[in-house]
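Every chain is named by a letter (A, B, C, D, E and F) in the order it is written, and numbering of its residues begins at 1.
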Amino acid sequence: MADPTTFNQPVSGMVTPRFAGLATFMRLPHVPLEDAAGVDIGMIGVPWDGGTTNRPGPRHGPRQIRDMSAMIRQFHHALHISPFRIANCADLGDTSVNPTDTLDSLERVTDFYRKVRAAGIMPLTAGGDHLVSLPVLRALGEGRPVGMVHFDAHVDTHDSYFNGTKYTHGTPFRRAIEDGVLDPNRTIQIGIRGSLYGPDDMSWGLEQGIRVMEIEECFDLGSDRIMEEARRVVGDGPTYVSFDIDCLDPSYAPGTGTPEVGGFSTFQAQKMIRGLRGLNLVGADVVEVSPPFDPSGYTALAGATMMFELVCMMAEAVDRARA
Amino acid sequence: MADPTTFNQPVSGMVTPRFAGLATFMRLPHVPLEDAAGVDIGMIGVPWDGGTTNRPGPRHGPRQIRDMSAMIRQFHHALHISPFRIANCADLGDTSVNPTDTLDSLERVTDFYRKVRAAGIMPLTAGGDHLVSLPVLRALGEGRPVGMVHFDAHVDTHDSYFNGTKYTHGTPFRRAIEDGVLDPNRTIQIGIRGSLYGPDDMSWGLEQGIRVMEIEECFDLGSDRIMEEARRVVGDGPTYVSFDIDCLDPSYAPGTGTPEVGGFSTFQAQKMIRGLRGLNLVGADVVEVSPPFDPSGYTALAGATMMFELVCMMAEAVDRARA
Amino acid sequence: MADPTTFNQPVSGMVTPRFAGLATFMRLPHVPLEDAAGVDIGMIGVPWDGGTTNRPGPRHGPRQIRDMSAMIRQFHHALHISPFRIANCADLGDTSVNPTDTLDSLERVTDFYRKVRAAGIMPLTAGGDHLVSLPVLRALGEGRPVGMVHFDAHVDTHDSYFNGTKYTHGTPFRRAIEDGVLDPNRTIQIGIRGSLYGPDDMSWGLEQGIRVMEIEECFDLGSDRIMEEARRVVGDGPTYVSFDIDCLDPSYAPGTGTPEVGGFSTFQAQKMIRGLRGLNLVGADVVEVSPPFDPSGYTALAGATMMFELVCMMAEAVDRARA
Amino acid sequence: MADPTTFNQPVSGMVTPRFAGLATFMRLPHVPLEDAAGVDIGMIGVPWDGGTTNRPGPRHGPRQIRDMSAMIRQFHHALHISPFRIANCADLGDTSVNPTDTLDSLERVTDFYRKVRAAGIMPLTAGGDHLVSLPVLRALGEGRPVGMVHFDAHVDTHDSYFNGTKYTHGTPFRRAIEDGVLDPNRTIQIGIRGSLYGPDDMSWGLEQGIRVMEIEECFDLGSDRIMEEARRVVGDGPTYVSFDIDCLDPSYAPGTGTPEVGGFSTFQAQKMIRGLRGLNLVGADVVEVSPPFDPSGYTALAGATMMFELVCMMAEAVDRARA
Amino acid sequence: MADPTTFNQPVSGMVTPRFAGLATFMRLPHVPLEDAAGVDIGMIGVPWDGGTTNRPGPRHGPRQIRDMSAMIRQFHHALHISPFRIANCADLGDTSVNPTDTLDSLERVTDFYRKVRAAGIMPLTAGGDHLVSLPVLRALGEGRPVGMVHFDAHVDTHDSYFNGTKYTHGTPFRRAIEDGVLDPNRTIQIGIRGSLYGPDDMSWGLEQGIRVMEIEECFDLGSDRIMEEARRVVGDGPTYVSFDIDCLDPSYAPGTGTPEVGGFSTFQAQKMIRGLRGLNLVGADVVEVSPPFDPSGYTALAGATMMFELVCMMAEAVDRARA
Amino acid sequence: MADPTTFNQPVSGMVTPRFAGLATFMRLPHVPLEDAAGVDIGMIGVPWDGGTTNRPGPRHGPRQIRDMSAMIRQFHHALHISPFRIANCADLGDTSVNPTDTLDSLERVTDFYRKVRAAGIMPLTAGGDHLVSLPVLRALGEGRPVGMVHFDAHVDTHDSYFNGTKYTHGTPFRRAIEDGVLDPNRTIQIGIRGSLYGPDDMSWGLEQGIRVMEIEECFDLGSDRIMEEARRVVGDGPTYVSFDIDCLDPSYAPGTGTPEVGGFSTFQAQKMIRGLRGLNLVGADVVEVSPPFDPSGYTALAGATMMFELVCMMAEAVDRARA
């Protein structure tokens, strides 16, 4: 039985100021995967952006998110829970990557997440560009295609770029569906917007059964009804959450490579994540935080806050599963 | 008859990455005015800010807008149209200007736009400060005063500054009305806010018949009803659209010289521009993007996105006129 | 009797451009306290941040707010009043401070505000970190505990930090209540959000009778109904207003030390301040503007604009009191 | 007789921290010109950049220089003098300007400096762009052409720009020589570099007798020998010093409109200004500090430090003249 | 025979202000390679950084260099030549690249440069990361290994990274020597510094015969004697020049991915490039300008200035070859 | 006997990219002090700036220095040594601090360093403001006053500020001498410059026997002769090195609170530190790196590089002591 009194706790900012000490995710201890027995939720960095077709930088995301996550405290003011009291959480460090070789990197990341899954740890990932979601899904969806709640400005289901390149941050979910690790009928994409390459950009996804919710529909519905629909789509099955920081408006998250004006506020995003409550979550990621385009760190702060909202949802899922 | 298969098309980011190649408006070809036969809509830069009374910089606007407009793709996700398939568009380059002589610059710009009008090209201008709208209106409104949908934090109908200076970015629409090129009874100003010099700042405009809609009314009405009123005001006559980037809240558009907190979001602005659908448009501008106050380029991205929304409206107007 | 024709007037930007001249609050004359006979409202800087537990910088706030306040003009566009015509306002300069000694600084500031109160001047303070509100309240609430409308992301009623430190920017209102200068039953905290140290963070304040309104309730109610509740709480008694700039979302006010995503827009804040109309105001502050975290000055512009909204409310209160 | 015990003294940073109080030049009192009897050296801002042909911004220079000049203390470590003990110095505020009218501005500035000269005050000016030196010279050189030590990357003796514009920041010294207020035979230009418009850019100046010292010669000679030559050129006559901040390398002074790589370090500039010791100085300026291109303020700090070096030289000249 | 009166000339900043018009290299006309008959020197962008092992961004280099190169004029102040009068120069645009596929990109770039060479055009390249030099050398050194003057903080002759990756920006010159397109005995590396992975980092290069000159030796020798040695090493044979912007100190060129403190000033670099005079140049590049790490553009300005120094040397080489 | 094969080694950037993994000093393992048996040199952060009289921020120094120190590799290119092969090094984390209580913080830091000294570990500290050196010296100099090589723009031997405050970053060395832990006759201050509060600023130090070397003398002597003098002053006794980052020119180190133009280049500083070779070192610090004033991290990179130069000197001292 899990003993909450043994769970890792963040360093408190009332004892040690937030700027002090090495930066880890939410000031949790750094626990290498090989020492992670008993860990329920592992926060993992994937410092890689080899799938980026335009402005690079998310390879630096995990470090800046760790730094800014020192701002996060332990208790959720609105949900009235402390995720760190109901699940044992740790910073598992970064996966191995190869910044100049895409296929090599995809393998390294999938390998790591296979071990994470095998260890019974639910992963909360900080990317990296959105191609990072593919190797994670390959590990988590192996043998059981997962559903997905996907917050993004872009559908990321293109076939290829630049005369045949199959692996970019615009293609991960097409590959994941082709690989049978993602169930399109249990997938919803929320916040889609921005000019398109052409009228058929979304056709493939729609044909597979993905529920695409454009930003206009989102703003018409509001956060609560968006999430009703999301819960309807994903149902009770194992569900992954992918949060591309560019679902937020660039005024809230300038540090990203493919900004599209007219997006969500952070408050709307917080409300939507809280709408995941009760789902059968198996993992989540926050991707496309690109520090070179936001030295201030506020995009990373938004990302860290979303990770905190997500870890609350995941901790409850862990707790339910344990019961 | 126009043959859409011959229309200029933007370079696609799926073939050539967006950071590659010379920067033109929306990756369209650069076509000098003398070679522009067959062009329906001309995007034009007016790199000039000699009318600025406070923080300078919009002279650098056209170049940064061109750079950031590489983010724009070809198809409008919500309107489901490709403006470049229904109108022939081109980057006509920048007008001639004189950074140290206001009157000389006004003449140079008016001359250019007279030629544009004579060539049957509808202009979409990237400023420059707001005084730039005056020489454009002098060309477009010559012989037929135009109506105007004007998005701005400021009314820009002052009489003079600094003991008698008649030409500043706070005076263009007073001059345009005096010159008979702008019809005040078919003019609406949307988003007006910020502290005033005195109680009479808006009196002259109101007396001429301008419909002034302050931000409080705007937020009460919402985008759809704002635009109902705008369409009522301008009616069927020839209509110009002037979009001062400072109508947006500074959090969305920090790169401008006279920021006023409490403004529109980019999404609200996008919705409003879409509300221009069906109007008899004769031209439009996006002004007051000031790169020195936003090296990140996000203000220019907002400006480029508004230009994309505008070119969709203008392309439909071209198409209707052709029918 | 007060003679409005003798009131200090800001330098007009139509005569002297806003970037010219020494920077004072809203371009008012600088009047040392000893020469301030006849001044109704004094704008005062407290350049001190010795209570900051995390990211420092608000000591630089008054200077940057002065600089950006040159953007403010004289007349309120929505309220249709000119505060400078109904109350005599001045920039009283900065208080004395000691950047390396907290207790010494608290005394210096209290001393200054005692003199301000004795001179019959209503103070509008630009901080400084939030601990600055404590010495101000000690002067203003001496002998008559004041009520307070408090806009903030944080309750700032902690007991101590770092093993016993009683004076930080997280403790001022607990000290003020203990000192009997702040009436908790006439205090409302608006916009509270962000992760907490634990479930009991707000308990002490609630037990004292403070009305805590979390951001979720705020967004549900809207500005008008929030302020109805605020007016109900503070009633007719003497009331102080404390505006922590971090009540705003970081996209509107990045220059602050403890940003929490998911906050108010500037427009919402403006509307809320206007909801103070008619209250028995005795002073106000705008704190936690931290220039090193926003060299652009936009956070300071937001702060200056809130000061303008506040001075309108305060000028009316002065005028009523005079009648 | 001047009584040094009555001279204005800067506020000390050991008593009042440097970030406190209104920003004036070197924390001296602000003394309007009409109250300046007894002032020997007046520091004056000219917030104007209407002569700028490329990147604008120096209109904001005086305010940022005032802000950063709070870093300056009272005593020169190497020269072992306190300028404020041997001459009575004050901040005279900014001149009147018209940001949108060049000729009007030139007149306003000349008028102000005529009064300064008539009051027996030696001016130390903070620009503004380099065209500002022209109206200053028109006042100071009236009736007695002055010599000049001119530190700059550019000769600024062009005839006209943009098809006939005579007044730009590239033409002031040609106009001054034509007006008979600057003696070309007693003028030396130090640090000239950067690509030229053509082989004749310097011809006119050389024909008038100006001594042009390009950067290559400067680096070969070193600061001491450069200044030997400068003293030889200007001799004993009345001499003006014009310090364009772009004489510094952009790594030391990025905040300027026409940066040229390969320039002086600040230390070399300090040494050169100290080489002015003993000259018959009548005034000096530091121009082309452009805050929008350096929000950090370091360019303004360099400018303020050069002003401190200059005021030491000027104070000694005042003292000698008094003896 | 070449007719200089037909050579492309940059747009003059005395006629059209530098901020106006589309950005091309040094304001030269954009001439696609297929129309480039008669062009002697082609400026080419390679917007690619797929070889970057640490901080990405040089893919954005060509566009920012074009923008900042508007600062360059036509005539070299110290050499007294106008390169554009003695050689016909043009902006040939950017090569095709694939941001997510290294081998594909190497082929695309080599193909382009083979055509450039076949057209008799000498290329002056703006990178891109340093791996870009490899495909250029493969085209230029095919059949005749070239010598090289290489300015850099790093030797870039590593064998592989990340468990076997052969193509990174730390390996181009090892690959070039292995491919027989670069002659190590006619290669000199200037400015080498920074901590090393181990004592053998330079061994391979030294064994091949490369002359490695560390920064300490450089500062001891001075620019003139460095270049004497460089000329001795490369002799009369065909010689390539590769200028990695990180040879400059980060204070002069912060916008780069692998900064090493303690480097050259821009002036020292200018002097060294002038020391190439008379060499048998066949091409040159300026690489590793990374705009995301320097939004100010000053690194790109340094790069553009080095390109101007290089084009002067190359134009003379063209002229000599023509004679 | 120490066994070098067991020494901690930095993670190599050829295996794991530098942006990956948690940030520790030079990618060394983090070893808490209680587990540090066998560690020779401990890198320690002191995240505190409570002694700062002007611009705050060095409390954030250790974290940013750790981040940027990922740029450092293992082998010194010019000295040809690997410090990590001759001494066992580790990151000992940060000391405990209290951001709002100076005296409490001084005690916490002294306590930590007493334990470090007791453990036989030589400390290399990353500050923090310069007051941090005092508690370190109190631990290291207890019972044996140490000599000091002090690189700085300021002498930091003032008596008090703000009417009696004894502990600021302008007073540490006066307190250390009074406490008998620093030997003034074996202390040299290198690089002193900037305006002074008065002629007596240096008197006290000189009277105690400190050798003060102003920047003018430094530039006259050059790095080698400066260090000859330094070695003469400190002799064979135990010697501390304190490196205030503001000894560097602000162009090399803008991220600091009290910048003074006209300072050292990083190369000069590197050469000077190498001149410490052979001294009897007992510890060192690098202080006053203030991240809020340099989000780019280049100041921290300069600081990290100086730490690398210092650890080379310290490792040799460890090795000699072991022999």
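Some observations on this one:
Here is the rule we go by: a residue touches a chain if its C-beta (ideal position, glycine included) is under 8 Å from a C-beta of that chain, and two chains touch if they have at least 3 such contacts.
Everything numeric in this text was worked out from a predicted model, so none of it was measured.
Among the remaining chains, those touching subunit A and also subunit F are C, E.
The interface of C-D is repeated, with over half of its contact pairs matching by residue number, by A-F among A-B, A-F or E-F. Homomeric contact subunit A/subunit B is classed as different-residue, with under half of its interface positions used by both copies. Rounded to the nearest 5, the angle that brings the Cα atoms of subunit E onto subunit F is 120°.
Taking the mean Cα position of each chain as its centre, B sits at the greatest distance from subunit F.
Seen from the C-alpha centroid of subunit C, the farthest chain centroid is that of E. Between the CA-based centres of subunit D and subunit F the separation comes to 39 Å, rounded to the whole angstrom.
Each chain gets a centre from the mean of its Cα atoms; for subunit B and subunit F, those two points are 56 Å apart. Listed for subunit C are residues 17, 19, 53-55, 59-60, 99, 161-163, 249, 251, 293, 296, each touching two or more other chains. Touching chain pairs in this entry, ordered by label, are A-B, A-C, A-E, A-F, B-C, B-D, B-E, C-D, C-F, D-E, D-F, E-F. If you check the complex, the residues on subunit E that touch subunit F are 53-55, 158, 161-163, 192-199, 201, 214-216, 219, 249-251, 254, 258-259, 261-263, 293.
Interface residues of subunit B, counted against subunit D in their complex, comprise 49-57, 59-60, 98-102, 104, 161-163, 165, 167-168, 292-293. Across the complex, subunit C is touched by residues 16-17, 19-24, 30, 45, 47, 59-60, 62-63, 66-67, 91, 93-94, 96-97, 99, 295-296 of subunit D. Residues 12-15, 17-19, 71-78, 80, 82, 249, 251-252, 265-267, 270, 296, 298, 301-302, 305, 308 of subunit A are the ones that touch subunit C when the two sit in their complex.
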